[in-house]
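In the two assemblies presented below, chain A is common to both, partnered first by chain B and then by chain C.
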Partner chain A sequence: MIVLDTILQGVLLGGLYALFATGLSLIFGVMRLVNLAHGDFMVVGAFAVLIGVDALGLPILLAAVVAGVVMFGLGYLLQSLLLNRTLGKDILPPLLVTFGLSIILQNGMLEAFSADTQRLDFGALSSASVPLGGGLAVGVIPLMTFASAVLVILFLNWLFYRTELGRAFRATSDKPEIAQLMGIDNNRIFALAMALALVVVAIAGLYLGARATFDPLIGPSRLIFAFEAVIIGGLGSFWGTLAGGVILGLAQTVGAQISPEWQTLAGHVVFLVVLVLRPRGLFPRHVD
Partner chain B sequence: MKLLETHGLTAFYGDFQALFGIDLHVDEGETIAIVGANGAGKSTLMGAITGRRSAQREAITFDGKPIGGMKPAEIMARGIALVPEGRQLFPSLDVEENLLIGNYGRKVRGAWSLDAVYRLFPILKERRKQAATSLSGGQQQMVALGRALMSNPRLLLCDEISLGLAPAIIKDIYAALDAIRAEGASVMVVEQNIGQALAVSDRVYCLLEGRVTLTGRPEALSRDQISAAYFGGGR
Partner chain C sequence: MTLYRPTRRRFLGTSAASLAATGLFAPAVHAQARAIRVGYVTPQTGPLAAFAEVDDFIIEGVLQAVAGGIQSGSASYTIEVIKKDSQSNPNRAAEVARELIIDDEIDIMLVGNTPETTNPVSTICEIEEIPCISSLAPWQPWFIGRQGNPGDPASWTEFDYTYHAFWGLEDVIAVFTNMWNQLETNRSVGGLFPNDADGNAWGDANVGFPPPLAAGNFTLVDPGRYENLQDDFSAQISAFKDADCEIVTGVVLPPDFATFWTQAAQQGYRPKVASIGKAILFPSAVNAIGDAAQNLSSEVWWSNVHPFASSITGQSAGDVCTGFEQATGRQWTQPLGFVHALFEVLVDVLKRTDDIRDAQGVAATIAATDLQTIVGPIKWDGAGLPPFAQKNVTKTPLVGGQWRKGDDGNFRLVIVDNQTYPDIPVTGDMEAIA
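After this line comes the complex of A and B, so read on.
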């Protein structure tokens, strides 16, 4: 029973990591940009939900919707006003700029919200669980997290493979210069990709804050999990990212069963093993 | 009515001047050919017209309005489409998606649609769900041509469309070009293959070391004239 429970909890934790990772994967896939401030944006998302709940008195899910809309706008502006200027043949400028952005965001949030740990409260749902029989039970919040990850990925797959905008995302990712010759405005496409990614980040922030406490400085440590999930899964495939998240979640939960201090370490070890054996990840995109 | 015009167009790579005051024009419904050896400036000229390299604003006009130095997407939105050298299909898109991307964001009504492109190249309909880069070279060129047509351009630019293709396939591609011209678009063909270029065009411009060395109707030009303009006189 403990084995089954461990696997179940690991898979559900994987849903959270998949949410962390999907935005990162989306941005890298479309514009080859590695966003080092990704983790901090998740914390921004969590604080945005917190403001909605505490200051505006909104129900938490409505606050999350408002946060998503705000993050969409923030992402669009961030990309069109700042990050588009850093993109080019050299991959260093976007790394440096997003690294700087990470520091600015952390210190900005410290100023605004202090270093206190916070938590997003789902009320009665926070402690609710669904019994599965045989003494097994899963928490409602972890279930919602996993379901949200699957829904986000279903939506993104639909968008990327069934819509005109998705075709433009993929064409721009393949050959940005040629895409422009088809009349596609790369800067606008990149801005929309970042806007979408920050909506996913807001959803990730919601569950980041609901499943555990957060403070202004935890972004970078969550970024590592996002990176690991993306790279385990293989770049450029959203389902691969979900698989990567689940593998990372399983590794951590199994590690924690062995010994508490093994939790994160086991995740890193699995990540390293995948990197050594399958450097392109478990489910890489065919064309690259 | 002049559709595309360049006025004393110059271009530089650093200190190296690649184009020296190019004057040319394409009339509405006309097909012109730009011929020249490697390094004559054909690609640079194409780059300037499509916005991939900088140009003085007034040096290029389309439909009477200056387009020099504008962004590629803006230039294309005005009714120009390009069949780029080397085909440049999108590898993660299938054949049909590659065609559809050709009219991204602009719904110009005209003769060309997915169905019309499939009528022109029936093989593409059979292969529509295949990855575009899995097709043969000739079929890929059909996709590149079809993709450009999807936007119903007023001016179609074809950059070295016969390069690397077997003679029989080149014939097919140029036969398709005739069908395209019949629908009324102006066409500008850039070619190293002189025979093909002369056969298809109403007028020809010969480029040598960044200058127009010869221009006229193909039937009015002698072999010797063309040879001198292409390779340089006295050589």
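After this line comes the complex of A and C, so read on.
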């Protein structure tokens, strides 16, 4: 029973990590930008939902939709006004700028929302669970998290492989110069990619805030798991990111079952093993 | 010999002094020397920022009360408080402490708000020979954590300039077991101890929870140290379920406790008692947990019903809490009393000292303190402490409380156990978690 429970909890935890990681995977895939402020944007997303609930009195899921729209706009502006200026041959400037953004976001939120611990309250749903018999139960929120991760990835795959915009994303990712020759405005494509990524980040923020409490400074702690899920799964592949998240989640719950000291460590060890054996991850999108 | 370097600040400073000397701007009180400079290091930003929320309210109130200056020795002085942000970072705390001592030339240091702030600042003060009064950190990490070799009690030494007032781990254990004994349970206790300074101390097989729990006929289930900021506690939950733990305890970060408590509810695990340190100190963290926070218990350092009054303003604990809530529109927090008490000790020491520029004399005056403060009596007499800590540490009362939802929807602390300090009234009965 414990084995089954551990696996179930690990897979569900993986859904959360996949959500954390998908936005990161998306922008890295399209524009090779490593966003060190990713974790902080999740907290921004969580606060955006919180404002919708507390200040506007919206039901939480509607507030999440509103937050998604706001984050879309924020992402578009962020990329077109700031990050596009840092992109180039050198990968260091965007890294430094997003590092700075991370500090600005944390302290800005601290100033705006105080150091108070906050939570996105799903009411009775937060502690609800589905009994599976034999003492096993899975929480409704973790299930929703996993389902959302799958839906987000289904949508992104459809967008990337079935639409004109997706073709533009892939073309820009493969060869930005040639894409430009074909009449694609790279800067606009990048801005749209960041906007989309921040929508995913808002969804991640929703579940981050529902699973536990959050405060303005909690973002960076989640960044490393997002990175590991992306790298394990392979760069540029969304299903790979889900697989990476699930592998990481499983490693952590199985490690914790051996001893809680092994929880975080087991995740890191699996990440390192994958990095040694398959440096490009388990399911890389293409060779470049 | 000191070289004269004409920086802007020095130039202005010396010019003002020479002008004053000519009598042009001679202050009204003829014997008044430069103000007493008090350094205060506090985590205004970073993960510990919630502690510093009370600072401005307290400092403004105290400065107002002593605005007329205080008589110290043969002269009257005004007090100037120079506050610096530690950014919740021990290295930064040490750096600003040094700035305060060297650049601002402070006469005395106050510091509180967790070992991450008190320890580096106290250590710098000890090296620089500046008297320092600290609080808001259990005494073991403050005293033992500052030793060259914390693992070897024989090597521990006393300090000359740094003094500390707070409770210790043994008090938390006493308060928790007293609360647990009030209820009918199977005496099986689950421990949530993270891999950090607090978690390792609480879970330590020699000085932590295990020996007194065993002596009190409790069985402790300790799955092992976990890393802070986890997203999953299923291993701990299944271990506690297996051992049928009706009591859960630990020293947990707020988000981790919320994760644990939510997941436990989803997994159908509901202990009768959850006595948790750290995670439920602040009302904002408890309110964030929501209805599931009803009857969570923890140690109480200070509350609005503590039967003590300020030695500076005469206000009762309740008055200070009400004043804070009215001034800020926020619920009172426990650091409120202790930060106030730090300034009470400061004012008392300054009044009793002969020469505030004599660091050794000031340190001796701190050691001789015997003051009734808003957090209880403060007197470095070594009561209830092992011999090595008796010089530098004094203990303040600790009782037990539970969080209950009030009529306004906010959770409030109810004192449910005062066996450790009967003068503090209980305001409710210990209740099992529904």
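We take it that the second predicted complex is superposed on the first by the 288 of 288 C-alpha atoms of A that agree within 3 Å, B and C clash if a C-alpha of one lies under 4 Å from a C-alpha of the other, contacts with A are read in each partner's own complex, and residues count from 1 in each chain.
By definition in this document, a residue touches a chain if its C-beta (ideal position, glycine included) is under 8 Å from a C-beta of that chain, and two chains touch if they have at least 3 such contacts.
A quick note: this is a predicted structure, and the numbers were derived from the prediction, not measured.
Taken together through their common chain A, the two structures put chain B and chain C side by side without a clash. Judged by the touch definition given at the top, the superposed model places A:245 against neither chain B nor chain C. The partner of chain A that touches more of its residues, comparing chain B with chain C, is C.
After overlaying the two complexes on the shared chain, residue contacts for A:14 are found with neither chain B nor chain C.
In the superposition on chain A, A:23 makes contact with neither chain B nor chain C.
Between the C-alpha centres of chain B and chain C, as seen from that of chain A in the superposed arrangement, lies an angle of 140 degrees, given as a multiple of 10. Look at A:127: by the touch rule set out above, it reaches chain C but stays clear of chain B.
When both complexes are overlaid on chain A, the residue A:39 reaches neither chain B nor chain C.
When the shared chain is aligned, chain C comes close enough to touch A:257, but chain B does not.
Nearest C-alpha atoms belonging to chain B and chain C sit 36 Å apart in the superposition, given in whole angstrom. Chain C makes touch with chain A in their complex at residues 45-47, 49-50, 53, 195, 223-227, 229-232, 234-236, 238, 254-256, 258-259, 262-263, 265-268, 282, 284-285, 288-290, 292.
Contacts from chain A toward chain B in the complex involve residues 164, 167-168, 170-171, 173-175, 177-186, 285, 287.
Remark: chain A residues 2, 5-6, 9-10, 13, 16-17, 107, 110, 114-119, 121, 126-129, 131, 135, 137-142, 211-215, 217-218, 221-222, 225, 249, 252-253, 256-257, 259-261, 263-265 touch chain C in the complex. Listed in rising order, the residues of chain B touching chain A in the complex are 50-52, 71-73, 76-77, 82, 84, 88, 90-93, 97, 100-102, 104-106, 131, 133, 147, 151.
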